[in-house]
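Okay, so chain A shows up in both of these, paired with chain B first and chain C after.
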Partner chain A sequence: MFQVFLQSPPAGVLEERCFRSGVFSARSVPVFMMYNGQVRVGSGGLDMNLHFGGRDIGARTLEIVTEMKALEGALLPILHEVQAEFGYVPQEALPVIARELNLSRAEVHGVVTFYHDYRDHPTGRHVLKLCRAEACQSMGGAALEEKVKKLLGIDFHQTTLDGGVTLEPVYCLGLCSTAPAAMLDGEVHGRLDDAAIADLIAEVRL
Partner chain B sequence: MTVKIYIPRDSASLAVGAEKVAKAFHTEIAARALDIEIIRNGSRGLFWLEPMIEVETADGRVAYGPVKAGDVSSLLDADITTGAAHPLCLGKTEELPFLKNQTRLTFARCGITDPVSLEDYRAHGGLNGLTKAVAMAPADIVAEVTDSGLRGRGGAGFPTGIKWKTVLDAEGDRKYIVCNADEGDSGTFADRMIMEGDPFVLIEGMTIAGIATGARKGFVYLRSEYPHAIATMTQAVDIARKAGVLGASVLGSAHAFDMEIRTGAGAYVCGEETALLNSLEGKRGIVRAKPPLPAHKGLFNCPTVINNVISLASVPVIMDKGAAFYKDFGMGRSRGTIPIQIAGNVKHGGLYETAFGLTLGEIIDTIGGGSATGRPVKAVQVGGPLGAYFPRALFDTPFDYEAFAARDGLIGHAGIVVFDDSADMLKQARFAMEFCAVESCGKCTPCRIGSTRGVETADKIAMGIEPEKNRALLTDLCNTMKFGSLCALGGFTPYPVMSAMNHFPDDFRPTPLVEAAE
Partner chain C sequence: MSLIHEIDFGTPASRAEKMVTLTIDGNEITVPEGTSIMRASMEAGIKVPKLCATDMVDAFGSCRLCLVEIEGRNGTPASCTTPVASGITVHTQTSRLKDIRKGVMELYISDHPLDCLTCAANGDCELQDMAGAVGLRDVRYGYEGDNHVKSRNNGDINAKWIPKDESNPYFTYDPSKCIVCSRCVRACEEVQGTFALTIEGRGFGSRVSPGMHENFLESECVSCGACVQACPTATLTEKSVIEIGQPEHSVVTTCAYCGVGCSFKAEMRGEELVRMVPWKDGQANRGHSCVKGRFAYGYSTHKERILNPMIREKITDPWREVTWEEAFAHTASEFRRIQYQYGRESIGGITSSRCTNEETYLVQKLIRAGFRNNNVDTCARVCHSPTGYGLGATFGTSAGTQNFDSVEHTDVVIIIGANPTDGHPVFASRLKKRLRQGAKLIVIDPRRTDMVSSPHIKASHHLPLKPGTNVAVMTALAHVIVTEGLADETFIRERCDWSEFEDWAAFVSQPEHSPEAIEPFTGVSAEELRGAARLFATGGNGAIYYGLGVTEHSQGSTTVIAIANLAMVTGNIGRPGVGVNPLRGQNNVQGACDMGSFPHELPGYRHVSDDATRETFEKLWGVTISNEPGLRIPNMLDAAVDGSFKGIYIQGEDILQSDPDTKHVQAGLAAMECVVVQDLFLNETANYAHVFLPGSTFLEKDGTFTNAERRINRVRRVMTPRNGLADWEVTQKLAQTMGLDWSYTHPSEIMDEIAATTPSFALVSYDYLEKMGSVQWPCNEKAPLGSPIMHIDGFVRGKGKFIRTEYVATDEKTGPRFPLLLTTGRILSQYNVGAQTRRTDNVVWHEEDRLEIHPHDAEVRGVRDGDWVKLQSRSGDTTLRALITDRVATGVVYTTFHHPTTQANVITTDFSDWATNCPEYKVTAVQISPSNGPSQWQVDYDEQARQSRRIAGKLEAAE
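And then the complex of A and B:
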């Protein structure tokens, strides 16, 4: 169970609507919460990424869908855009997409849940994707995986309690000749050894 | 005179620090007020030397690598602009044995040109194939591709020309060209490299396919794990459109062709062509039963050519130099060249384009230089996560579709992952099943449920629980999956499992755990 500690909620955030939250090590009683759209308050105010409560997910989704629905096979591009906007695909977006594309909600739900990329909740401030595929295994990927999990104190698909890092597996980044490889917030890193991965993690845990 | 220095922008180079090197060069050049132009090229594919920079000299390009940001100052002190000596100097790029012994047809420009310069592309023979194609009858283009002997480089090895002919002959007012750039196989990166290093060659190949079959629209389905390739391809399509290579009048001809880049969403199974089509249509990436073939009823039920990146990127050189030129390379029914990707635990990992026919041993030991760790090579997996593990005893197998099939293996997308003797083949077999379970689309039972049962059975063998019985069960399960699955995911997962079990039986006989003393 998570416990909610709200220090002084940013304007526009309704405390009772915070649905997921965590508490953490650091000095300043950092608050991490996820609210409606996407509220992330990091320790010391780093990487503040606030989308405030007044924002209407439905309305913004409608704008995205209206702009993109003329594409042939528009659903995946729309979902990518929605995720880029909110950091995940919010439940509230699904009925809007379904209505506009003349699909059932079940169909949209089916697509969202089929693909590994679409998330139903926000990530931490950083996303670390670690390659688990064979080429990386051949270069000690499994040991590296254990090391990362230990350093972060989490397993795959989890976020550190301070909301700093989400760890995800990925099956091949195409960096098989510079294995083992990882991707941190869209930036690629290869030939990772214990020292290099420790540096990466230190960077995101600042 | 301005000196040109090439620093790769390929994501494998970026992964080992090319961006920092480029920044250091920019800073130093500005500080020293030098007359140097930095060009961000694709990679030459010698990844153990990346970041490998090149300096253009009167004598040709000279390579230095692997360069760290901290080396930049000393490189400039040594006056590398003249190709001067330095501990990191590798000599002339073209003379590096790994590069010199290759036959680069599809990757002819990769690493040489600026990927997003259409002028550079033209100056190095780009658009010659398309220029010829726009003046030809569609059936003649198809005949040329058929005669070249080009087979699908995605793994199935189906003759490309025959696929195109089926679409050309199919009735339909709308037809599509779909490029399968969902390169999910571990150990493969040829698609990524060409899209990042020479994107126009894919655009040219797809446009030729469009003209040959009467399709006016193309899609590249590019996996989301390749953000750099997505950016480069998107930029290149934009440039091509502005330059009239794409659009209502291709190179000023009566042919119309345009294309879009679409991003996948992390599902491995979408590399299977019918799942990919469903995904492009905005559906779950679930495999379709065949027939109907995509060539008859593909994207949105229209006749569709669906080809791998390398198949399409090989078409321009075939059109430019002729079917006979291309067909001259290779062996048996495997014609032309294949970009072999040497990866994993290997000393000299990289991309090696060559005619079919080299033996596995030559590729691993001579070209790849053995394992990176220096330990003996135990096994290689050829063809991605669905490819067989080959032991050293099979290293005399020539790189050829039929020769691999005869030994219960597959070339797939020509990726080779090398493992040293620390690899536990039972673990690798278990991983193959685990991967299939994670990525199964769920449509057919052998794949959806068989993969999970496979993981459990492998675990039982590892724990020493009725090993004899469980090995027989695993074999039986593999047979069911192989013959009962709808597509290659479930159908080929038995390859790595069975090959591991057959070639490395000792790993499947772990010492039973000794009960802990009370």
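And then the complex of A and C:
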């Protein structure tokens, strides 16, 4: 098992339909396959930026689950911990969690895919979330969004080429009184204007 | 005949006793408290539009179509999730509701294909019906924009579209037609209990996903068909419906696989079977099914099915197709010749546990009245004969004490030597439902079966005993209960013989029966065992379910007695939720036993030495019946080898594959002069046959099957026998050719004869079964409605009998040459020796038998997963591929016996139960070693089988 991040998909391949993603180097010769309507990246001669082998993920997940399974409603805390550990929730972790919690793979998959914050691939080193809810939009959120995209050179759900920042939309941070708002690596920032956002971005592009 | 349409009440029935009266659309209706308004409406004949509700699952309230208005309450609550209340007035159709429903349907249809005319569900689609019911005439949103319907949107790939999943051999999943009502997901969870489906994503992105976005075949799906049944659209559809079209009539009949005895509607077009759909009124299955009964009926039209009678002089000759008359004349004259030459006792027969009660009755009647001896036996010899003996001795009846519904009242379940999720899947689903409601579970099994741990199921105690130590473990459970004062003294004093109890209690209390004393040789932790005993004795209604892991041992009968003792000492007999329940393997093995298939018993378990019983039959049949028991199957084979037994009539059983010590069976059959096999296929036994009489399937005949809960279920003919004659007609014509004066024109007449001669069947007739649906014997003047639960006010034998159960280790012991213990079992998708299921698409789940071995045992022998290994015992050797798993303990290996090439019974020995000769399949000392392919014996066997299956004038069928 490997994790690759698909940065510039070839024409005709929709990134959002990719089964897995990760980072692969310039020497990579990606192999794309259509399978069940999904584009899968094959392993033919790939020199990839490997994160964890399947075995490591399984073993580490088992440790996490063993430690936390006694909690009431353990599934969500375990998934948080798995994501904290790997930066995302690897597919290989799900059968282990399912088995240990006496759940089916399907149930765990249903929960993981329900929440946007559980990712199936790693993010950049920083995650910037822009609030796009009504209050922020009415306070110039749309213009701010364009500005940020321009500064980073990426769209929502994308990561900068250097793997530094991932940009994501969020629907209400609850900071309507200080709109427009954003969240950088879990920390909230309000009353963002051009200067403030430029500062934030400069901070993460260091 | 027309298609049976079952009423869908939308939500499950309420069990409350208190009744509530309300008014719905001007009709006053009284229903149990807790009933949904939707169900109450349906009971009054008012159909509230609905999509996400169906009465096999709990209400969910997601489709927003079933909204109603209640006077004095705000808003428009969903009728499926709103319970009735006394005195309320409900309106199901107002202008406001009409507008809402039309709007909801408009949204549904805006993301649904408009291909109704070419859709497989055309004519059986609830979405179509609801569009009609709410008067949808227009979809204002159009069909452009985001959708799941089209593979391309304006020339671009539509990322939301998912192609059809056709991986399952029996049904397809077409996500483009899915309305995400969750009925399939809930059916998988609530009815089947597998939890293989989920809704992935959220909002408009929500889709049904098998496993982790896998296809159905790779997912956890067990292909029970509950989701297909629940689906209101064509999203999940049987492939047979896609191919053939909608059925036009249906007939209720009974499944011919395991002993659960599920009722199905055979849905037909003309004489073509379109699909089998579980029948909601089926009292054994309550509308559920498994992959075998629901889908695996293709064997009935398989190309290898033999449709013409055949004979041959020697077993090395090719078969010669003959007319029925010639086959009967040849068989009759051969049997008469053999009896003339070697004596009356030189022939016999075997009845089939897969045929109907009526057919079984006729075969034993042919043997007793035509052959004039008692040489009749049945395959129950090799499975549940110890049940007959053990329960007969302790309780007085040779059958389970409960109906399957009883499990809904159980608080603690012991499963011993059974693997219900594979062997009795529909019962397992009902049991798992009860476990999810909080009942506790104790599993006694050498393997970690799915009942020990699977989604939402966790056994409180798993006692992984060494194969062969059942008696020690059961006695130790009793030891704990007696010595810790947990016995139900009131029950015992009232219902059982007190002095026998005292004797038994003193016996089990001996220190050598304590959990600590047996731990060294059973491998069961004493602490776990004590915990299990305490739980069973104090946890409320305790029920014991057991299978062949109990009976197929040298002490099989003793274990059954120990189980009965345990039920009596805890007072768990005679009411719902308790009891001792053998899970019988074959569809009619209970019936075959009831019908007098044993050499020592006439129908109704009455010994042949009983003059009154013999007289009943002698008077009716006009013959004298011997008062000496005849030969059992192993005795017949021994006698054949000795030269005194020369001819046998075997109906629907493959003794060569299913009976132990294959080489001995081979030798026995080879020594006979006339072996007559009646079967659907040229089975392994037919390799040694001189006459082959083609059999008919359960779809081609009328009759009755009796399931594990003693329920007599009707089997109804839905198509003409492809071989020309139903099995009962074959036996009758053979009897007539032998000079017997039989003239049955319909199986109902045979049942009338059974009822007239057998007290426990006294009131059973086809008319009565038509009226009642099914009945559980005893069904007579004392119990005109049948007997769902036995021993209610007292045991059938009078006082319950406690019998000492001394553990005697089997002679089959491990040693330096054979250090491992082999035990055998089965798998969900295959049935018995696989003659039927191997000839269906079920092979996608189980292509070959594998040897399960613990990683440690594999490692020391250098065996890797998938390697060929040689499996060797004192009897013989065979080769199969290894499957490395920690489901089995170290020192134990496990395999299934569904494929003839594996020949697991070459390995098994001729040790057997002391009381009944039931073979010890479950314990064989073996050694395994790496191998590079099939053994010489397997190669020779295959060649011999190929040679003996040649039919003159026909090219050998290409495999």
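Throughout what follows, the second predicted complex is superposed on the first by the 151 of 206 C-alpha atoms of A that agree within 3 Å, B and C clash if a C-alpha of one lies under 4 Å from a C-alpha of the other, contacts with A are read in each partner's own complex, and residues count from 1 in each chain.
Basically, contacts are C-beta pairs under 8 Å (C-beta built on N, C-alpha and C of every residue); 3 or more make two chains touch, one makes a residue touch a chain.
None of these values were measured; they are calculated from a predicted model.
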- request: Could you look at A:104 and tell me whether it touches chain B, chain C, both or neither (first, second, both, neither)?
  value: second
Query: When the two structures are overlaid on chain A, which partner does A:62 contact: first (chain B), second (chain C), both, or neither?
result: neither
Field: Partner chain(s) touched by A:114 [first = chain B, second = chain C, both, neither]
entry: both
Task: State whether A:184 touches chain B only (first), chain C only (second), both chains, or neither.
output: neither
Field: Of chain B and chain C, the chain that contacts the larger number of chain A residues
entry: B
Message: Under the stated touch criterion, which partner chain does A:161 make contact with: chain B (first), chain C (second), both, or neither?
response: neither
Field: chain B versus chain C as contact partner of A:75, first or second or both or neither
entry: first
- prompt: So, A:133: does it touch chain B (first), chain C (second), both, or neither?
  reply: first
Chain B and chain C contact sites that coincide on chain A, given as residue numbers: 107, 110, 114
- prompt: Along chain B, where are the residues that touch chain A in the complex?
  reply: 11-12, 14-16, 47-48, 50, 183-189, 191-192, 224-228, 260, 262-268, 279-286, 300, 341-346, 349-351, 372, 381, 385, 415, 417-420, 423, 428, 431, 435, 438-439, 441
Task: Would you pull the chain A residues touching chain C in the complex into a rising list?
output: 12, 14, 16-17, 36-37, 91, 94-95, 98, 102-110, 113-114
- prompt: In the complex formed with chain A, which residues of chain C make contact?
  reply: 157, 159, 161-163, 165, 194-202, 209-213, 215, 219-220, 453-458
Task: Give every residue of chain A touching chain B within the complex, in rising order.
output: 71-77, 79-80, 101, 107, 110-111, 114-118, 133-139, 170-179, 181, 183, 186-191
